[in-house]
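Same chain, two partners: chain A is paired with chain B first, then with chain C.
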Partner chain A sequence: MTRFQRFPTAPARLVLAWRAAALVAAALIVGGLLALSGRDVFVLGELVLRSTVGSRFGLEDLALFMTPLVLTGAAVTVTSRIGLWNIGGEGQFYLGAIGAAGVGLYMPGPQIVVLPLMALAAIACGMAWIVVPTLARAYAGVSEIITTLLLNFVAGLLTYWLATGPWRDRVTGALASSGRISDAIPELWGVVHWGFPLSLAIAAGLAAIMTWTSWGYEVRVSGANPGAARYAGMPMRGRVIAVMLLSGALAALAGMFEVAGTVHRLQGGMADNFGYLGIVVAVLARRSCLAVIPAALLMALILDAGIVLQTQQLAATAVLAITGLVLLLIAIGDELAHYRPVAPASSTRSGAAA
Partner chain B sequence: MIMLLTGLLTTAALAGGVLSLAALGEVLAERVGVTDLGVEGLMSIGAATAALAAIASGSPWVGLLAAICVGAAGAAAFAFAAVVMRANQVLCGLATTFLGLGLSATIGHSVAGLPLPVTFGPEPVPLLSSIPVIGPAFFGQNLLVFPIYLVLPALLHMLLFHTRHGLNMRAVGENPAAADAVGVPVQAIRFWYTVLGGAFAGAAGAYLSLAVIPSWSEGMVSGRGWIAVALVIFSGYRPFNAAGAGLLFGLISAIGFLGQARGWPIAAPVLNMLPYLGTLAFIILPVVLWKRMRRAMAAPAALGFPYYRSVR
Partner chain C sequence: MEMPSAAPGTPPVLQLVGICKYFPGVIANEDVNLDVRPGEILALLGENGAGKSTLMNVVTGIYQPDAGEMILDGYGAEFASPQEAIRAGVGMVHQHFKLVPAFTVAENIHLGWSETPRNASPAVLEARTRALSEQFGFPVNPSARVEDLSAGEQQRVEILRVLARRARLLILDEPTAVLTPAEARDLFSALRAFRAGGNAVIIISHKLDEVMEISDRVTILRGGRNVGTWETRECSPRMLAATMVGREIVPQDMRARSEGAAPRGVAPELSLRGVSVRDERGVETLSDVTLDVFGGEILGIAGVAGNGQRELTEVLTGLLSPERGEVLLGGQTAPPGADAFARSGVGHIPQDRLHSALAPPLGTTDNMALREYRAPPIGGSGLFRADAALALAREIVGLAEVRIPDFGAPVRNLSGGNQQRLVARREMRIASRVLVAAYPSRGLDIGAIATMHRYFAELRDKGVAIVLVSEDLEELLNLSDRIGVMFHGRLMATLDAEDADIERIGLLMGGRDVGEDVASGGGVA
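And now, the complex of A and B:
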């Protein structure tokens, strides 16, 4: 009888196969539930396809969804390389949006000067937002999962307060929204702005840094085997701090792109779960900064499909439940990929060893 | 002054009960070595289910029972992935939170924002409720407050620290291989206590939507599940501390409410930040200030690690 044994490593082809199975299972479950609620799954599926990859509007939406997802996904991926979880992407996204909006609203000047300043302000705010969890992790060993996460709620409230209080729109009186910011990232293709190619370039650049620089090597070793890294004299604490700050900066940049490229205002609730979905993207990408791009594409497809479902009288949050289901099944699939069939236990060697 | 104190403590006991109940459940799961980050989602779906069931049946107790069942079922799905299949606990927890938040908004759509016809109203206990300050807070409110702060923590404390079964539970959390070697069913204990912890989270959701708010709306849990997870760390994985920490954070929220009611010159969103900032301070400061606390309050050694019998 064949025996399945767990190996410490999971080969890529097994991971891909199990993940494909997980996605099919998720699609079957969602389809089954939709069918049970009396909807025609095939008509719905065709509608989803047509309004995502089958039309120009769908493709533009896809690119707009991908832009923040690539960055928040990369933010979580870089911390996962050193063995940490930055669950605070949502909050850093908000802070990036706040920093960018602050400069955009109150700093006159030519676009070519203001836009880079907006990005710099966003990055500074995002880094400032992750400083406390970073230092608590590096010097006191406090789990970064809860600390980064709690700050998300604070950042959401801060954004809401700014957008309804000091920075509220005094011209049109839009609800929970700041005034319109005139400085915008130039558009590239339809509503798709230059933030899209820029975010792809950033992901590729991060992949290059992680793969080819000694800094990236030290980060990877520190994550894979902290004991070995310490023994080799690598500055673990410094690397942890640098990686966490980088992560905060990436998520904040996503917020800046959203403000200057898509929304053009600071709005309460504008992060729209992009920070949390970045975690899903990072999980899908399996710690590879380059794989963040296809992972973000898949996530953007799910979000885009969610908009279609919304037009079919389904709550907007149904897409969050679908994401959760996909994540749960993929987590199981990733674990199953560690198992491989081995020779039967009755062979003489294993019998002697036992 | 007495009036003010009584009012503050009453609000604190009411609002903190949600955190205490959820934190008690998480203590159970984490003591046996499972980090259940799905609390937020389980609470949310518990709150929605409780509202629906209370409206349908006309009894808050049916709502509570339904929420407990749904919380346990959700935790069973989590435990199937994280304990039985041994998938990554952080991921499974986040997935459970997403699922819970998404599903609760979907099923609760029809009753969102409606005031509930049946709730857990105040039912003062005779004599006890006339004790100054603590009487109205713990015995003058709904019938769940007193059990949450005294009965349940006492039961869990007895279970964990004064029974043989509790010793086994803690062994599973500290050193599952050793527990396995003496015949303790590691996987079964982890699975069932994670499910029980989920039942607590579901009950916490029901308590939120039937006694504290009382109504269901999307996003009403607003991080209380995450605060509960943080409180468990802060409480050193001890039931009485967890319940007390819940009360403390109820007090922080109560100060925020007081500020809004009295028209302090601080914006409401800023006052609402208090519980989150307080939680942050309370999990970082003790570790920084008292290095010796780290040992006494340390997490179970095997927390977060799935148990494989073959790996030695």
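And now, the complex of A and C:
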């Protein structure tokens, strides 16, 4: 008789296998429900596949979705490694977009100079946006979850105000956006710009830093047990500050890529939940910076499929429900990955009444 | 194997038949038979990692057995959860308490209990708690917050919580490890009263004297298997120790130097000069302490826990910088910070390993690198070389004689004794000048304690200065060259171990300064 037992660790192999099963289950459930409501599941399925992974246009779209998701996902992941949660990716994304747009709109110059300046301005703005929660956390122990979250709303409104007020487009008179920024990140493949490979490289680089540097080790230990970090004389406060600023910078870079790579303007609402979805990506990635990449791919697939389904007259709320279902099933799969069969006792048993 | 024969007419409260429990790569329990009868206290003995906690977790439904059965009052029983176990009258008080620190005693007693009256006011809960406390003879203060209680008081709350749910079998996992001797005495008289009511107790302990005093029968586990059950009055501590470890433990006088041992240093390795420390509430927790530790000696620190020992060890290891006074390392003003102390050769076995010495969710590799990750081969030029860290971890694990099936698996899953061995070995590696050890034998079995003492003696013979904080006077007298006694943050006196007797130390521990040659600031030899 084999028993299944819950183990405290889940091997990556099992997590992957269960997640694959979860995706299949989600597809079956959604397919079943759509069939019941009288839709042709195969036509819909084919359409979704063709317009995501099955065509060049779809692949380009996926890459464009993935770029900000990798960065905002990495932003949350780095804080989770030290035991904190930056919920303010959305706000830092906006600030990054503002910083980049400010430079792009008002500092003419050769592209080779302006683009790096846009990135630097974005990073500086993103860090500035997280600096108060950071210091409150490091010096007063104020929960960063609340402070970073609240600043999102401020950042969103600030962006609207700039895009419709002082920086509004005076050329075309578009209502909710700034003028067009001429400096753009060069394109690599269709509409996919260099921000895409760059974001993948950043995630890989972060993974390397977290695993192969003593800084990453200190972050790991501080996150696992602050008491042990103090005991070993690690500069805990310094690490918390550095990690949170890094997190703000990553989310802000996502905003810069979006401005300079895809939208080419500052627009109200342009963060489009990428900051919040970064939290989902981080949860899917289970604290691994490298796993952020496949997690962002999955998230991008879900977003993209959702858009396709909406064009087929599926309500936006139904799409949201499907997203929730996928995430729920994956969470269940993650839990199941903790269970493994244990060998039955028979082989070593000697007589009980010796 | 010796099968205990039940006394005629009294079916055991609980009987275990052929219980097996496996973890990946570890046999925690195999083929364990055991019975407890009404009106008896059964002691469960065994080395660290012998599987005592696991077996009791199986009994109380935290784990499910992989084979074997449980018979309760003559009927087969299976518990899917501790709640089911307590409903059947089997309750356990764990090694690590499971109370809610921010709640009051009354709230903790009533938490998750079907008999808690709905919407009861705090006054009602407190009155009920007071009644229970009188009924079972466990004095508690119902309105106190658990976080403000001492370990002994918290334990009383835990026990009362179990008894209130009408437990007939009470399981205690190393209950006296955190108690002062007086608290342990109170606990034992309460257990005797509980037994007199026809109830049963299983008590896990490493302290053989206690086992001899309190238990009626003794069951010993070794390597997850039951090696036998005896009537306590037929046992001697020595025989129990030998059976537990599987070999004779010969008590040694650790104070004797080995041949070619480094002589006691002439200049102190580590010194405190008039050191005072205040806690965040402004209370002086360490007052004007002056002491010297010399290479090649063991300085024992005696005292009831909570009299400034924690602060003393933290100052001695650079974790706490004194508010007043000076810390000298090798005669020089010590560099600030725990990291600098560690690099100058100061090792530290702290009193709460899970809170400070280890990162429980991380693996053995990461945890063993904690002291040496900054320098090559692991560190250097900002890198962390995982392969070098793994090699170091393997080396420490080998020296500590711990079996680690998976170096990446969280150390939280190791038994308490194995965690302690790993920490001790890691710290002894870096302690080239000083080793500060706080309660190093807490939670260790006697075999492991003897080994640890031998290591300390070897370290001393190599010329390292050792500060040993302990509540166990016998341990201190057996190892130390000098003994300092702490009371209310003061070092009452430092005595030469040769002319220190237990009486005198006991009086000093209680704050009574009786010696003629005792300087108030702590004399130095």
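Here is the rule we go by: the second predicted complex is superposed on the first by the 315 of 354 C-alpha atoms of A that agree within 3 Å, B and C clash if a C-alpha of one lies under 4 Å from a C-alpha of the other, contacts with A are read in each partner's own complex, and residues count from 1 in each chain.
Rule of thumb we're sticking to: a residue touches a chain if its C-beta (ideal position, glycine included) is under 8 Å from a C-beta of that chain, and two chains touch if they have at least 3 such contacts.
These numbers come from a predicted model, not from an experiment.
After overlaying the two complexes on the shared chain, residue contacts for A:L303 are found with neither chain B nor chain C. Contact with neither chain B nor chain C is seen for A:V281 once the two complexes are overlaid on the shared chain. Once the two complexes are overlaid on the shared chain, A:R220 sits against chain C while remaining clear of chain B.
More residues of chain A are touched by B (comparison of chain B with chain C).
In the superposed pair of complexes, A:A232 makes contact with chain C only, with no contact to chain B.
Residue contacts after overlaying the shared chain place A:A315 against chain B, while chain C stays out of touching range. Legend: residue contacts after superposition of the two complexes on their common chain; A:W212 is shown touching chain C, with no touch to chain B. Touch criterion met: A:T9 reaches chain C, while chain B stays clear of it.
On chain A, the surface patch touched by chain B in one complex and by chain C in the other comprises residues 5.
Contact residues on chain C toward chain A in their complex (touch as defined above): 1, 3, 17-18, 20, 22, 24, 27, 30-31, 33, 64, 66-68, 318-319, 337-342, 348, 350, 355-362, 366, 369-371, 373-374, 379, 382-386, 408-410, 412-413.
Those residues of chain B whose C-beta lies close enough to touch chain A in the complex are 37, 41, 77-78, 81, 85-88, 90-92, 94-103, 105-106, 109, 218, 222-223, 226-227, 229-230, 233, 267, 269-270, 272-273, 276-277, 279-280, 283-284, 287-288, 294, 308, 310-311. Listed in rising order, the residues of chain A touching chain C in the complex are 3, 5, 7-9, 211-217, 220-221, 224-225, 227-228, 230-234, 340, 342-346, 348-350, 352-354. Every residue of chain A that touches chain B in the complex is listed here, in rising order: 5-6, 85, 87, 132, 136, 139-143, 145-147, 149-154, 157-158, 160-161, 164-165, 276, 279-280, 283, 314-325, 327-328, 330-332, 334-336.
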